[in-house]
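Both complexes below contain chain A, partnered by chain B and then by chain C.
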Partner chain A sequence: MKNIILKQFKIILLTAVFIFVTDCGKRDRNPDVLRFAMSADIRGFDPAFATDIRTGKMMTLVYDNLVQFGDNTEVIPGIAYKWNLDETGKIYTFYLEPSAAFHEGSKVTAGDVIFSFQRVLSPEIGSPQSWLFNKIDGAEAYMKGAETFVRGLTKINDSTLVITLNEPFAPFIQYLAMPSASIVNAKHEDSIKEIPAGSGPWILDNWQRDAAISFRKNDNYWGRKPKTEQLSFRILSESLSRMGEFEAGNLDIVDIPDIELTRWKNQKHWDGSVVGKDELNIWYIGMNCSRPPFNDRRLRLAMSLAIDREKILSILLSESGTLAEGPVPPQLMQSLQNDPIPFDPEEAMRLLKSSGYEHGIQTELWVAGGSEMFHVLEAFQYYWSAVGISVTIMRSDWNVFKTAVREGKPDLYYLDWFADYPDGENFLYPLFHSKESMTKRNRYSNPAVDRNIETIQRLRNGKERNDLIKETHRLIKDDAPWVFLWHGRTHTAVHPWIEGYKPKLIFNAERYLEMHHMPL
Partner chain B sequence: MIQFALKRIWQSIPVILGVIIITFVLMYIIPGDPVISMVGERFDESRIEELRNELHLNEPLWKQFLVYMGNVIQGDFGRSFITDRPVMEDLLDKLPNTAMLAAAAMFFAVLIGVGIGIISSLRPNTILDRGIMIFALAGISTPVFWLGLMLALFFGVYLQWLPPTGFGGLEYLILPAITLGLRSAAYLARITRASMLDVLNKDYIRTARSKRLPEWKVVLKHALPNAFIPVITVIGTDFGSYLSGAVLTESIFGWPGIGRFALDAILKRDFPVIQGTVLFMAIVFICANLVVDILYGVIDPRIRAERSNHAN
Partner chain C sequence: MQTKGIWQIAWQSMRSNAAAMGGLFMVALVMLLGAFAPVIAPMHPATQVLDFRNVPPGFHGKVIRFKYAPALPEQIEAVTSVKKTDLHIEFVNLAGKARTIARSQYISEDNVYYLLGTDHFGRDIFSRIVYGARISLIVGFSASTISMLIGVILGAIGGYRESFASKLIMRFTDVMFGFPALLFLIGITAAFDPSLTVVFLAIGFVSWPGMCRLMRGQVLKVREELFVSAAKTLGFQSQRILWRHILPNCLAPILVTYTLGIAGAIMAEASLSFLGLGAQPPTPSWGAMINNGKDFIRTAPWISLSPGIAIAITVLGFNLLGDGLRDALDPKMQGK
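Right after this comes the complex of A and B.
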C-alpha cells in the first residue's frame, strides 16, 4: 500500500513539474506593450547628466524640448510651436504651446524653460552638458558664480521666451533638441534622478535597476499621443541573449549585431523582418598628427591607400555601411559625390618611400576591448603588413582606451563617432577643430580648417554654409588625419506583428508614437 | 561554539582591513580615469579638473583612504560616481537577487551532485558509475558562458519551455541556477563518491550491515554524515563565491545581481562602487566560511570536542 501511494505521488509530482516547466516559456503576447532590450542600464532621469545614447533615448520619451528632430535632418516644433531668429543671428524668440503640461498637470511655461537651462549651467549641479548653453549671453558669468541668473534667457510672458546668444551660432537650434535641453518641472527637481519630472508622451511606470524599465502612455499628452499603451525595455548585456529573446518572441524589435547579420539575411524565415537603418556616424582610425611618424601627410595617406576597405565592408561586415570619403556622412551634405580614397597598395609603397620609410614602420593600433570588430582589425593588420607597415593591436578596456586617446598616447586608434545632432558641423568642430583635437583626440591642427569651421558655426543654414561644409570636408580628406573607414548602417529585426516602425536618422528622434502591434 | 565564532570574527578583521587596503591601492595603480566615464565627449577640459577636485581625486592617497575608512566604519560606502546613488543602497537592492540565484544554484548542485555521488559510490566501477563520472568531468570542464547560452537557446528559444533570459518569478530562476550550479554539482558528485567509498569500507558500516539494518539507513544515517565534511567544505566555498556575484551567469541571463554591478563599475572606474562591492564580497565570503566552520562542529562531534580542548 505504502509503495503504491509513493509511486502515485512520484507520478503526480513529475507531471506537475513537466507541466510547470513546459508552460513557463509560453507567454502570451500582450498587444498593448512594445518590448525592447538595451545593453545596459541608464544613468538616471536627470537630463543634465544625459551624456550617453541610452540615457538620451529615455529622456526623449518622458521629457519635451522646445524643438525636436524629425525623421531625417529637420528640426520640428516641440513645446515651441514656432520660433524666429532676428537679423543679427543672435536673438531667438520662441512661442510656447499653451496646452503643454507636465505629467502632474501644471502648465509648461517660459519660466520652466529658463529654470531647466540655468540648471544645466549651474555650478552646483555640475552638469557635463553645460557646453550646450555656454553660447547664451551671460552664461559664462553665471557658471563662474559672478551672476545669479543668465542674462540671455528672458521671459516675455508665460508662453513667450527670448534667448540671446553672445554671437551667431547656427547649431544652437539643434542643441535645443538634445536630451540635456529637456524641460524640467521645477517642483519635482529633488527626485529627478529617480523619477522623471517631464511633460513627454510617456510616464515612467517602473524602473528595476539593471533589469527593466517600463513606461505607460501619457493619456493627457498635449501633442500627438502614442498608439500603444506601454513600453518595456529589458536590460540584457549580451547581444546573443537579446537575439535569443527576440527569436523566442519575447522582444518585438532588436538590433542585429554585425557578426550575426549574414545568418539573419540568409534565413528565409526572417525574410522581410530585417530592416536596414542609416545612422549618422563614422568609423575611423585616428593617427596622431603631432609627432613622427604620422605627422607626415604622405604616410597618413599611405595608411588609407593600403587598405581595401570596400572588400572588408563587403565580406567581413556584410555591406553594413557605405565607404567614407571624409568625415561628414553623405546625408548631411546635399549633392556631394562620394569619392572615397581608393585601394592602391603600390601608391602606398611609393608614398612610404618618398617619406623616408622605405624599410617600413612598426607601430601600435589601440582599440577598446569590448569591440566586436577584432576580425576587421586583423584584416587591416594584414593589408598594412603587405606594404611594410607592421602594426600591433593593443586592446584595453574602454576607460583606459579613452584616457589614453585624450592624453594623445596612441599613434593609431580605432574609434567611431555618432552624431549628437544632424548637422555637418557636428562632424567637424568636435573632431577636427584644433581646440578639440589637440586636447582630446589625434592632435590635428589646420588653421584653414579652424577658420572654416568657425564660419560654419556662424552662418545660417543655406547654400553658402553647405558649400563651406563640403570645402572643409575636402580639406580634411586631403590632410588625411584619419583613415576614413565607413558610415555604418545598423540592421534591426522587427517581428511581423509590429506596424508603424520607421527608422530614424538620429537616436533621439524616436518617441514610439506610431509603432504598435497589429490587432490580434 | 559562541566563543569559537567570536574568535573567528575577531580573526577576520585584519583580513577585511587587508582587502580594503589592497583594493584601494590597486585602483590607483591601474590605468584609467573615472572622470572620463562621467563626462561624455564634449566636456570642457578645464571642467574635468574641477570635477576631479570635487571628487577629491587630486588629494593624497593616504588622505582619501582615511576619509574612506572613517565613512566605512559608519556604514557609509560612499556614492556612485556615475549614478550618484549610495553604494550601500544599490548593494542591498541587488543582494536579494544574488542570494536567490545562489541559493537556487546550490540547491540544484546539492540535489544533483550529492545524489548522483551517492548512487555512484553504491555501484562502483559499473557502467552507471562511469557514466556519472563522465558527466561530472563534463560538468567541471564546461565553460559557464557556453553552457548558459546553450541552455537559453535550447530550452528558451527552440523548445520555449522556459524564458531564455530575464528576471522575475521561479521560471526565470531555473536556467541561471542550472548554469551556475552545474560545476558545483559535478564537483560535489566526485567528492561525495570518493568520500562515500572511503566511509563505506569502514568497520562501523560493516557492523551496521551485519546487524541487517536496511541499506538506505546504512547509507543515509551512518555513512553520509561521516562522508559529509569534505562535501560541506565545497558547498561553503562555492556558496560564498556565488553570493559574491556570478558575473557571467548574471550577464547572460540579464540577472540584476552583484556580479554584474561590480563588472559594470570596474569598466567605468566607478571607484566607490568597486571598493564597496569588493568589501561586501569579502565580508560575505568570510561569513560563508565561518558558517562552514561552525557546521563542521555540528556534523562531527570530534571536531567540536577538539575545539573545546583547545579553548580550555
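Right after this comes the complex of A and C.
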C-alpha cells in the first residue's frame, strides 16, 4: 500500500516538473520574432478582395504600392520615388524605383502596375474594389468589355507610368496607397489567394487557417529593411484570451478591449505600457431620412439630445474614444469646433412635442450580431425610454443586416465607418452624397451638400478645400441624419522589451519596419 | 377510523424527507420572490445608474429619483449634493456637473443599497434577479405544461391500444429522442424573432418525448388491471376508460416528471438566453445576465455569479422536490 502511494507521488512530482520545464520554455522569448494576435482570420492575399481592415493590414506587409501612407495624413513615396500632377489636375506621371523587385527576383515595372490595376477593374475578377480605378480614362469601357485595355494607363518605359483621369479627382493619389491598389506579380497570379505575389518587406512563411499567420523578413527588399526577423500573428477570437496571453508574455503587443481598460489603467504594474491612439473612424446611429418618423429633422435631433454620450463614453467605454461633433474626425479638419450636440432631455422632449410625437414613438434599432461596442446600445435604449422613445434592439446576422441597410429597411441602425484613406472626403462622399446615401445608406439627400462634396473632390489640397470640408461637415451636422457618437481611440499594451513602436493614423501605414525586441 | 388517501400518505412521507422539504422551501422562496417582485425589488430592473457601474455587493450611494413626465419611467441619478427651491431642484452629479429639474419632476432623495452589487449598466442585480424569477418560473411552468399535455395525450393513445396510429406515434417519439435537444432548440428559436413566447413554446415542443414514453409505459401497465377489465365488462367506451379510469392512476409519475421538467425548462431557457436567443434586452433573464457578466468575470465576478447561484438554487429546488415526490408517491418506498 505504501509503495503505491509513493509511486503515485512520484508520478505527480514528475508531471509537475514536466509542466514547469515546458512552461519555462514558452516564456523564454525569441528576440527575433514579434508576436501579435488577431480576432479572426483574413480573407486571403488577393488585393482585389482586400475589403476589410484585417486583410488590408496583411496586404501592406507583403505588397508595395506606387505610394504609401506616412505616420499621419501624408502620402509618401512607395515604388514610385517621385510623381507629378499636371495643371489640368488629370494627368499623373509616376517614376518607379529601378531597384524594386518581386519576392522571386524579377523587377517591378510599369507593366506590372498596369496589369495590377486592370486586374481590379476586370469584369472576370469581379473585384468589389473597382471603384478605386473607375475614374481613370477608359476604365468604364474596359469594365463593360468594350475595350481590351484601359486607355488612361500608359507605359512610357519600364520605369515611367502615366495615369490619365476623366476629371480632376483629388483623393486619387490616396486611393493608390490603399490595399487593393497593391502591385502584384503577373507570373504568380494563379495562387494569389493563398500565396502573396508581391514585393513587400515581408514574405509569407506559413498560413494555418483560423490559427496563425507568420512572415519572415525579405532580405533582398529594395527599400528600408525591417529591424526584426519574423512576425507571427495568432488568431484568438476571445479578447480575454488575448489579454491572458499578453500577460503571460506570449504576445508582445495587444489591443486592450474597452471593457478591460479601467483595470489596465489602474494597475501600477502596467504604467507606461499602455499607448493610446486616436483612430480615423466614427460610430453612429443612422436614421432613415426618407420616411416618417425620421424624415423630420426635429425628431432626428431629439434622438441625439436625449442621450448622454459623454457619460456613456467615459463610463461604459472608459474614454476609448472622443465625442463626435459631426461626421469628419478632428484630425482631418485643421481645427476643432468643439461644439458637440449636448445632452438635453428637456429639449428633446420639446422637439418631440413640436414634431407631433408628444406621446412618444416606437421603433426598432438594427445591429449586426458580433458588432463591437454592442453593449452600449442598452444604455441608449434606456436614455431614449426616459423621454418616451421606445426602441427595440434587433440583432441580426451581418449579411442580413447589410442587405437591410442597403434596401433602407431599418428606421435606425448602429454602424461604424473606418477611413480607407486619411482625407475628410472619405467621411463625406461615401456616406452623405445623395448618390451613395439614397441607394446604400440612410436615404439622406441635401443638394448643397452634394455640390460641396463634388467641389471637394476636384480641389487640390489647401485652405480652400479644407474650409469647404469644414463647411460641409457643419451642414451635415445641422441636418442631423445620424446620431454622431464618437471617434474611436484604441489603447495598445506593449511589453517593455519592445522598442520602436509608434502608432500610425491609418491601419495600413504599419509595416513593422522599426519595431524590434531590445537586445537580451 | 378514517382511511388515509394516497395524497395524505404522500404528504406525510414528504414531511419526513428533509431533502424534499428543502426543495419545497427553495421553490416556495423563488415563487414568492417572483410573485412579489415589485414589492421586494428596491428598483425597476431596467433602471440604470451609470455612475454606479460594476459596484460590488453591499455598496450604497446617494441618489435622486425623478421623472421627466408622469407617464415616463423613473430616473435615478447618482448625486453629490441636492439643493431645493420652491420651483426647482438643482443637483450635482458625480462628474461635477450641475443639472436643474422642475419641482414637479422630483420624486425623492434616497440612499440606495445594492445587496448584490450592480452590472455594467449600473442596474441593481438583486432587483434583476427578483424580476428574473418571474421569467424563469413562467418559462418553467409553461414549457413543462406544454410538454406534459403533448406527452400525456400521445403516450395514452400510443399505449392504450395496438394500432397503426400508436405505432406511428411511438416511432415519431423515437425520432424526436434522436435529436440533441439543445441543438434542436437553438434551431427553432433562431428561425423566429427572439422572444420569451418562442422560447417556452420551443422548449415545450422539444421536451415531450420523455413524458410520452413514461405515459405509454404506465398505460400499458394499468390497462391490464382488474378494474379496467371491469370497466370494459360494464361496456364503458374506450375514451371514458382511458381518461377517467386509467389516467388518474398514472398521475403520480406524471407529477414527478412534470416537476423535474420545470427544472429542465429553466435550464434550457437560461442556456438560450445566454446565447442571445431568449428574452431580449433589457428583460432580466438569468441566462442573459450571466452572459452580460462574462466579459467582466475578472473585474466584477458578481454580475455572473449571482444569477448563476439563483439558477442553481431554483433548479436544485425543483429537482429535490421532484425526487421527494417520486419517493413519496411510490408505494414500494413506503415505510423505508
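Here is the rule we use: the second predicted complex is superposed on the first by the 490 of 520 C-alpha atoms of A that agree within 3 Å, B and C clash if a C-alpha of one lies under 4 Å from a C-alpha of the other, contacts with A are read in each partner's own complex, and residues count from 1 in each chain.
Criterion: a contact is a pair of C-beta atoms (placed from the backbone, for glycine too) under 8 Å apart; a residue touches a chain by one contact, two chains touch by 3 or more.
Keep in mind that this is a model prediction, so the values were computed, not measured.
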{"item": "Fit-or-clash call for chain B and chain C when the two complexes are aligned on chain A", "value": "fit"}
{"item": "Centroid geometry (CA): angle chain B/chain A/chain C, rounded to a multiple of 10 degrees", "value": "40"}
{"item": "Partner chain in contact with A:126 - chain B first, chain C second, else both or neither", "value": "first"}
{"item": "Which superposed partner A:395 touches (first chain B, second chain C, both, neither)", "value": "second"}
{"item": "Which superposed partner A:240 touches (first chain B, second chain C, both, neither)", "value": "both"}
{"item": "Partner chain(s) touched by A:250 [first = chain B, second = chain C, both, neither]", "value": "first"}
{"item": "Partner chain(s) touched by A:346 [first = chain B, second = chain C, both, neither]", "value": "second"}
{"item": "First (chain B), second (chain C), both or neither touched by A:210", "value": "first"}
{"item": "When both partners are placed on the shared chain, which of chain B and chain C touches more of chain A", "value": "B"}
{"item": "First (chain B), second (chain C), both or neither touched by A:314", "value": "second"}
{"item": "Touched partner set for A:381, first chain B, second chain C, both or neither", "value": "second"}
{"item": "Superposition-derived minimum Cα distance between chain C and chain B (Å)", "value": "7"}
{"item": "Contact residues common to both interfaces of chain A (with chain B and with chain C)", "value": "240"}
{"item": "Of all residues in chain B, those that touch chain A in their complex", "value": "30-34, 36-45, 47, 50-51, 54, 82-85, 90, 93-94, 149, 152-153, 155-157, 159-167, 171, 174, 251-256, 260-261, 264, 267-269"}
{"item": "Residue ranges of chain C touching chain A (in the complex, touch as defined)", "value": "46-48, 50-51, 53, 68-69, 71-73, 75, 95, 120-121, 193-194, 276, 280-282, 292, 295-299"}
{"item": "List of chain A residues in touch with chain B within their complex", "value": "20-22, 24-27, 40, 43-44, 51-52, 126, 128-131, 193, 208-212, 234-238, 240-241, 244-245, 247-248, 250, 396-400, 402-404, 406, 420, 430, 439-440"}
{"item": "Parts of chain A lying in touch with chain C, wherever the complex brings them together", "value": "239-240, 257, 259-260, 262-263, 308, 311-312, 314-316, 345-346, 349, 375, 377-379, 381-382, 385-388, 392-395"}
